[in-house]
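Multiple structures are listed underneath, in structure tokens.
What follows is a pair of complexes built around chain A, which joins chain B in one and chain C in the other.
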Partner chain A sequence: MFLEKILSQGKKEQSVIESINRHIRLLCTACETFSTALKNRDANLMRNIIELEREGDFVRRNIISDIYQGAFLPYLRPELCRFVEIVDRVFDLLEDTALQYLDTEIPEQVKDECARVSFLNVRICEMLLITFDAMVKGDDLREKTLAIRIYEKKIDDIKFDLIRDIRKLPITNFWEGKILADFVSGLTTISDIIEDASDHLQIINVSMRA
Partner chain B sequence: MKLEEFMTTKIKFVDADQSLYDAIEKMVDRRIRSLIVKFPGDTANYGVITARDIVFGVLAKGINPKDIKVSEIASKPIMCIDRNTKIYDASKLMEQSDIARVFVCEGDNIIGVVSLIDIMDASLIMRARGKHVS
Partner chain C sequence: MWKVLSGVFLGWSLGANDSANIFGTGVATGVVRYRTAIILTSVFLFIGAILEGPKCMKTVSEVSRLIPIEAFCCTLAAAITMTILTLIAVPASASQAIIGTVIGAGMLSGTADFSKLYKIISCWVFTPVSGIFFGYVLHRFSGYLLNKTVLNITHRNMLYFIGILVSGCYGAYSLGANNVANVTGVYVGSGILSAEAAALIGGLSIVSGVLTYSKKVMMTVGKGIVPLDPFSAFVVVLTGALTLHIFTQIGVPVSSSQAVVGAVVGVGIVGDLQTISPKMLMKIAGGWIMTPVSACIFTCLLVSVINF
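For the complex of A and B:
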């Protein structure tokens, strides 16, 4: 395939592709860790997110450095870097949300819905990885990006209910309320950024075909 | 892929003796297309009303929804399935029974609802995931 040829024409390119794949896999692991920790109320496991975010930073720096050391045609470099930066934003947000979790007690009334969102975050992340692999192979991304939009819409639907539900909860002080609101906001925004990442893959895909 | 992953857990209830207008208000406020109707008696005595029932059975006929009770247009019993049912099995059941939604039940409790649009979403995701379906 044409795209496969562009993306795997040299060792540097191959190395970048493998690293981006690893970066997204790492994000999937982080989302899964978050989901399991939330479900099992495991604060120690939740702390692992901080380590995973650091590892993600390390992989991101290597990818960007490899790209600007000459991998890929110049017009593709900023687009690939932009994609990697978007994935990195998800890592950052996931870490912030994990820290908020450690700083607050999630009320029983919203626990199940939060767990459901975190599970869907794992699924949407897996879908991003599938979409990236499909792009490398030169496959059509239309069905993959639609699946991501479906997941995002599902999370959005839950988000409105969660916001409605947390408004009803008694809050004893400002910080308790703020941290809980930030936690819900972070948890439900992860899918928005993953959707941005998938849209960007579509842009890269189209620009390589042009 | 199992139903659990795609079901909507936003289940709202209305008492059978409330007015249909109360039910409509709830559906509008919550942006939902159906409500579970609780009939008096044992806990598992449920029915369902849908936007379709309300529009075709009441509003389109010029009937005032404040004048009738939910119980008058509710369908009973509801169709319940297990959370581990596969998507295509649920879809087959809906086709055979000519219904647009099935309820996911655990004992006497309703824990979710799966509508045709959920089945469509699930099918599209399965296509996109290809061999990665779990």
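For the complex of A and C:
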């Protein structure tokens, strides 16, 4: 077993890294799809998010399976799995938010703000991918995690304005109001989870240093 | 030749207990499988015993001039003392036990040479001190080097894995080289065995302990040690191995457990951790006194009974 590990020269680990990279790229695609669908009011495009989430689940299962088949030291395995689970939470939230969009009509008064938040979600996802690549190379992550925190702060600022604006809207039906509130909550929470994911990358980076 | 059986028993218990200091953390944390660990430990421990084991035998045999039956009593008393002290959770070192027994037998026969004890006791004291020193220096130096050169996570992962394996093999080699004298050194002094034969029999007896009864202690010790990251675990095992190997060149068998304890403290100092506790120091110091004294008393009783 240990000879196999040495002779494989890190192929299993490389495969896991590539899979996690693919997982995050898929998330970026999902966020971009969401943003485009929201901007163009394209319900069919929004439905693609469900397929992307399913694909994300498939990739996640493969990653975890590969990790526990012997990739990386046992010390690192739970941390990598935790990171993948956090990214998966973003997928789930994005899917729920997409379904809520399909289930309700977004008022004109808040459409621009929602579009702005979804655009920033795309940027923050791309930053997470850059941070992950940097973590793999062993680079300093401080600037990248700072950038993610800046994006997250921007989204938080828009979130407060959004909440203030939707409170001014007349709601005729409890469930309409609830779905709209859940949609806004989901849209603005994506960045929080991505920030958690980037913090976790920093933990992995520090734990592997001598 | 039946008199070597007590030495074989001592070697078996040494192998069962001390092999945990080598791959204990690796096995408990899943880096190395238990089967791989015991095979590597056995092979390298035996090689160490054969190649450098005779170096420490002279020291053990010079403390007192023993006759064969006294050699038998010494190793039996050491084995029983270690067992009793382990049962009452006092850290017991085979090196300290065997010296205690040899002194005891020597006192009864009037052949004990107390002047040899200065060198031996100094080495006991310097074992954890060396562990602290080398642990700190190795962690600082190699950590600096690693952070400048190997940054990629997959490369570093592979390096840590190979490092833990290689340092474990070196640790096994050093354990065999240093501690085989505890097991069969007294037979060389009493003329039953040559140094080479003693190394062979001692090495095989320690290996038998590793192969048959090391799992429980390995898991207990491995999980009980302060949770170490892979790099620190590698440094601790390497430091323990280096310390043992240095004292092998000096010619004095020392405690592998205390070398590892020192290494953990040294590594902890790098991270500013409070790993030195007065309680731990008291335990080690207590072991220095209790182990040889108990072994000495027990040997005196055993030799007296046999002579009676």
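To be clear about the criterion, the second predicted complex is superposed on the first by the 200 of 210 C-alpha atoms of A that agree within 3 Å, B and C clash if a C-alpha of one lies under 4 Å from a C-alpha of the other, contacts with A are read in each partner's own complex, and residues count from 1 in each chain.
Here is the rule we go by: a contact is a pair of C-beta atoms (placed from the backbone, for glycine too) under 8 Å apart; a residue touches a chain by one contact, two chains touch by 3 or more.
Since we're looking at a predicted model, the values are computed, not measured.
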Practice task
Quick one: classify A:Asp112 as touching chain B (first), chain C (second), both or neither.
Solution key: first
Exercise for the section: Would you check which partner chain A:Leu76 touches, where first means chain B only, second means chain C only, and both and neither mean what they say? Expected result: second
Exercise for the section: Applying the touch criterion given at the start, work out whether A:Gly10 contacts chain B, chain C, both or neither, answering first, second, both or neither. Expected result: second
Exercise for the section: Look at A:Tyr151 in the shared chain and tell me whether it touches chain B only, chain C only, both, or neither; answer first, second, both or neither. Expected result: first
Practice task
Figure out whether A:Met127 sits in contact with chain B (first) or chain C (second), or with both, or with neither.
Solution key: first
Problem - More chain A residues in contact - chain B or chain C - result: C
Handout entry: Touching residues (chain side chain A, partner chain C) in the complex
Key = 1-2, 5-6, 9-10, 13-14, 17, 72-76, 135-139, 204, 207-210
Practice task
Quick one: which bits of chain C touch chain A in the complex? Just the residue numbers, please.
Solution key: 29-33, 36, 139, 142-144, 146-147, 150-158, 160-162, 165, 229-231
Problem - chain B residues within the chain A interface of the complex - result: 5, 8-10, 31, 121, 124-125, 127-130, 132
Practice task
Please give the residue numbers of chain A that touch chain B in the complex, ascending.
Solution key: 112-113, 116, 119, 123, 126-127, 130, 143-144, 146-147, 150-151, 154, 157-158, 160-161
